[in-house]
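Below you'll find the structure I mean.
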């Protein structure tokens, strides 16, 4: 069946040769083969149930589609560019297998509602896969956190060491971020879970079809309420891409931390050989390049969102071929996100913290200055801003003496603030500082243990 | 209080003059003044309840903050660039008003958790405002739809007239889109509704604060579970921007339709004077330029999302000043979205459909060709693809004769397919075609009435 | 050679299996095979010329590379994922073909400068191909314009008919846009035409290499001046993507016009069968879907630019694997742009203007109102703003009478402005209006003929 | 003059109140006041020269415009929202000042070509300002480089120390990047330097105007060749935004380095007090937050480009109000870029390298492993890949012994490769490594001196 035949008897000339390189979508929409067959089976079952097509035709169709599913699974199916897209490729093969009955499958259906249905099924599946991959990564982070409650590292603001924190606390921050990503994908999947099938080209169909039945068969919550919306809406794809972009920024942050932690100025972690690569000219190098690749992926997924948003902007109802851009962007984002999540999970599981280096870094830079200020407020009842000034002056003094805050002589402190007593020294140590941050959500080991337990339950 | 004082006693030199133009955020974050005061009040109440500050200080603080709120509301408050941001502007004024007690407000708090709290409150409010504005627009669309159930217009695919549809059906498609936008903002508002206050700089605080109390006071569902996450997370802002971008693409589509409907080739609607503008050189012009502006806004909001996503990508924990970009992007998107929604609601309410032009356009181009194909399937039991071919040949015949499908002589049809009978003519009319699309979600007037009723209930 | 061997003797464990799906670039960077071989040949010739490797090794290397080029051209080359990228695939095969001498090719070179060189060569080539494709499209537009100097159509602002213009003038506006795109690609190609080869990993090399020689061999203007910049700069790729994005917006505009011109409300042009497609359910439809696809492509290319800009943002020197994202974005943009340009050239060449419909549309909507205002200024010496008001009132009168401006009775005009005379009618006709716009760059046929001649010369 | 008057006598109702918040552009386009007056002066001079308006009117107009320019400069001009934009604000004031003669200024001109001219003038100016600001930054980098030729730091790939390099070399890499940015702005300025004035609304004008004259008066190379293109083209704004985005990524990279260099794991540089800020809770902190802000700005400028590209995509000719989005995006990008460049120049000038820390970091991590491999190739004539393996084994040996490469005993090296001799030690030192990289563009001090001299000349 040549493509000018596909479009009806009206066309005298065929498409230009270059159009064969431009318009067909089969090179990418073949990824929706399973969804297309599933949708067609549901449609055929509905058609026979409603008496629109005879039972023997439906049987032939279902058998033929099953055979095609097998051919595809086994790599025997020949996809043809001249048949444009996955829908016509499958329909054409069905005609070869079962003859004219195949033509009845397209009753009360159009490629417009067919592709909308297939694509929703695919994106719904992608949401599920992202969720699973996120949870796998969260488990890896949780497990690593559970083993590092007492591992002290510097907490950074502005990439300056600010206060000592627990490595577990740091890892759990990512568990929080990824848990919101899970929920975003769940919300998106739920919102998109309405069935376009039966909207036909754009206006509905005169056949007495049962849209509830097909919706149910395909696991959708209900049929979509408006046929124009059903064939033209792509906000579900944009919402998926937005959730993917946000998740990718979280991955990018985590990856950026790892790249930094691996750099010689930090040396906080060692990646396993399995997740490092070497350099062609510098044999001693151990490069976190999987982490770098992961860091870059957020740009790519953002590009996918940007591209589709720019495409749908301003398009009028109902269907325009511009929308054909939707699938490649979503496929690219899904592949990128799922693979990156899996790699990061493996990388985290294999990652070894270098506890001494972390602790040493946490000791540098007067990390307990805030504790000092807090002590001035709590013990000496100084207003916060004044305490802050005093603490700043003592830090300057320590810096001038090249010593830690713990080692500034009492006399020097008293020269700055006479009311300071010996008792101050007990808040100037690293572990004391950590343990003191007992507020809910804080980095005190006891607080972290609560969170570890919370997530153990959730991630079970 | 000069700004080198703000940062403690350690700084010898002051900031460069150009830094005054670069680093302060007061020019835009003053928009969070109400949220900042609200957050400070909640914090002060908690501090006194927990016995961290004395009651008289808390009273002075609350009274001072109330006074500041009034000053701001009445435009008497003097915002100062040298005080950098809204937090320090308010704190400085509080000190002027109540003296050293003001300093106690900053106990167990940092600008990091303070700004995170303020900003969440603001974005949560923006979600609510967007919801309201969306619903106002949905009501305008619904009302216009309710009055136009029998207004026939061409349904387009590829900007070609495909099948006749109801204008009400078309408008309701947008109600569907905007209803999903409402839900996206609701999901976003719900997900972000956790309180960062109490996370302090990044690690929690040694004071025995009650984060449940402040969270409740501020209408948050609960305190955030991880202090690092609390101060650094901006996915809530990205999710807001993503929802805004998607909503803006829907607005852009609707605006694009209106621009097109107003163009002389269509002439489907007339805008009111209130929502049109004229041309400086062409006095007869009546330009839908508010619609054009609305069409363009999706680009702008997309730019806001892109900007913030690119900023947060790759940043390490916890806080970096790069995040200061978050507010201007969100403010710009919120202003843009809310104003555009309001303008579109007014424009839709005032818009007059030109029913005759719509109907005439719906009649052109053999719009019932599909009905003919369906008749061939249903009555003559042709397989769909064959019916499609026959219908195509009859269209070509009508085109050659320069007549509608209704006026192709039976003999000519029978020359193409001998089994065609006189009965075919009853499906070739415009209203018959519309009425036939009775499938759920279809454009048949009875179906539309169901949808009108459904939305009347929902939008009550 | 397994991949842990590639990275030197230091690695105990191999990479994780999933890393094989994540880190290798061979699936896409194989497109740079020709550039890689060309670069290696230049390097080998330089090495032997400078006495760094023996002549017999160089001979073997050059012969081996020629053999590999043939294998690739003939599809006999086996690309291996475990060899990561195009550089190692070729080097490994070279070793098979010529033995240990292959190892000498990597003397004084690193994968960092090698890939930077290959990629610059590729992007430079893409600039050239874009230029050629743009010029082909400009020729098609010019040819169509040359045949339509007297074809009158409405000129639109705000999608409202504003003034009559020539179809040729409209098409030539696109020639102007695409001519600037050509220059942007030329500037980009010129700016990137500096050779990174010899920068080695990042710091230069101790070998006494001749970078001028390799630069010249590869058609570069000169070697890059700074080795760190040489291996890390990707602004040349961003500049290419920016030029591609801008060109794609021009294509998108032209495509958008064609979609609109094909819609029934306009009917200004008919596309050939070769550049239209049909609909599966509506046999009478003739869809401009190649134009719609072309309209969407600007979103895609913009996504490519956005992605790479977000990736390079914030990266420190010198090389990070994030940069591996550069190639897929550029390849995607180049494929998209080149194919779309070719399709649009074919579409334009085949497109038939429907002159009567254009002329009829140009007559509607009082298109000569501006001419009337100008006449009031020039003949009656009215200030422009007053003339504008009078013309507006006469338009309103014509609208009320349902007639053209040419048919408003003189008495009615004089009721609005008594000084108006019979002479006004000669400026109210369509062709008179067109011919009057004789200012340089205007739509008067004589002016267009000058432009047609100008471009005939340029595009020769 | 109320706004319904502006649009001619045809409008019965006025605009909706909300439209006053939506459509006027005066809040931002007032920034083009100087350009608008300049353009009007040129136009008035041309009109009188061609005899289109009387000399006394032109004199009044020029005098009135000069007065308005003064009013604006002195802050006495009252901008009015109800007058929509800068053009009508100025015209209205001109009418107040000189009476009806003001109306003649709009002869042979439309707001469409007027705004296109004003905006081109503004963007051309922005290109010039960016150039100047880039050169100022280049000078600061060059000066810092000139004083640090012998300052050794680690060169990084994958954020791993790879080879020792000179700090000057590193800084000069940025000079290279910014020099290409200068050229991009120059190319953009040159390409946009064509005058739209005289294109009128879209089709040219019947007045015998002299477009060469106005073009010349305004410093344009020539008038634009096509009136439709003249009023609708915005590729010049996109090209400016693309150049700004690329420059901003370079700034972001440099800023990212500084943030990292300031972090305790590096400690490579100290910022001056003038370009640092403190922390409200951690008095000891010295935050590079101007650098962080600068790092984030690339996201913002990218958002501006994305926004405008998405807006112009798909718009049909000639003018649509969507284009009103162009100015805010460009103004935002220009302000952002110019300010960031100035801040970075100040920060670089003030920045103090910590030479000992840099040198210590350069010594760690076996930085001369590549030198060892190169020695094996050059002295022992090993093929590169084999040398690489041997060097890798020796690195592993040094790592096991916790010593530098310089301190691995010869016997241990010979156990790996028996041919190694005492001579190898002379290439294993830091300064030797640096000095050895004598290839053009390499980091050897002599090479750097050449580059310093080259840029001294260029930046004079």
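When the chains are written out, they are named A, B, C and D in that same order, and each has its own residue count from 1.
One rule holds for everything that comes next: a residue touches a chain if its C-beta (ideal position, glycine included) is under 8 Å from a C-beta of that chain, and two chains touch if they have at least 3 such contacts.
On a predicted model such as this, the values are computed, not experimentally measured, just so you know.
S.K.: Would the interface of chain A with chain B count as same or different, where same needs over half of all numbers used to appear in both copies?
M.R.: Looking at both copies, the contact residues mostly coincide.
S.K.: Look at interface A-C and say which pair in A-B, C-D or B-D is its repeat, using the rule that over half of the contact pairs are identical by residue number.
M.R.: Matching more than half of the contact pairs of A-C: B-D.
S.K.: Using the average of all C-alpha atoms in each chain as its centre, how far is it in Å between chain A and chain D?
M.R.: Those two chain centres are 33 Å apart.
S.K.: Which integer distance in Å separates the CA centroid of chain A from that of chain B?
M.R.: A distance of 23 Å separates the two centres.
S.K.: Would you please write down the residue numbers of chain B that are in contact with two or more other chains?
M.R.: If we look for residues of chain B contacting two or more partner chains, we find 8-10, 106, 156-159, 162-163, 200-201, 259-260, 278-284, 286-287, 289, 292, 295, 298-299, 302, 305-306, 309-310, 313-314, 320-321, 370, 388-389, 391-392, 395.
S.K.: Hey, which residues of chain A end up touching chain D in the complex?
M.R.: For this pair, the touching residues of chain A are 154, 156-163, 259-260, 262-266, 278-289, 292, 306, 309-310, 313-314, 361, 364-366, 369-370, 373, 388-389, 391-392, 395, 399.
S.K.: Over in the complex, which chain D residues touch chain C? Could you list them?
M.R.: Interface residues on the chain D side: 5, 7-10, 100-108, 112, 155-159, 162-165, 169-170, 172-173, 175-177, 180-181, 183-184, 187, 191, 198-209, 211-212, 223-230, 232-233, 235, 238-239, 242-243, 245-246, 248-250, 252-253, 255-257, 260, 295, 298-299, 302, 305-306, 309-310, 312-321, 370-371, 374, 377-378, 383-386, 388-393, 395-396, 434, 436-444, 447, 451, 454.
S.K.: Tell me, which parts of chain B touch chain D in their complex?
M.R.: It comes out as residues 3-4, 6-16, 18-19, 21-23, 88, 106, 110-111, 200-201, 259, 272-284, 286-287, 289-290, 292-293, 295-300, 302-311, 313, 320-325, 328-329, 339-340, 342-343, 346, 350.
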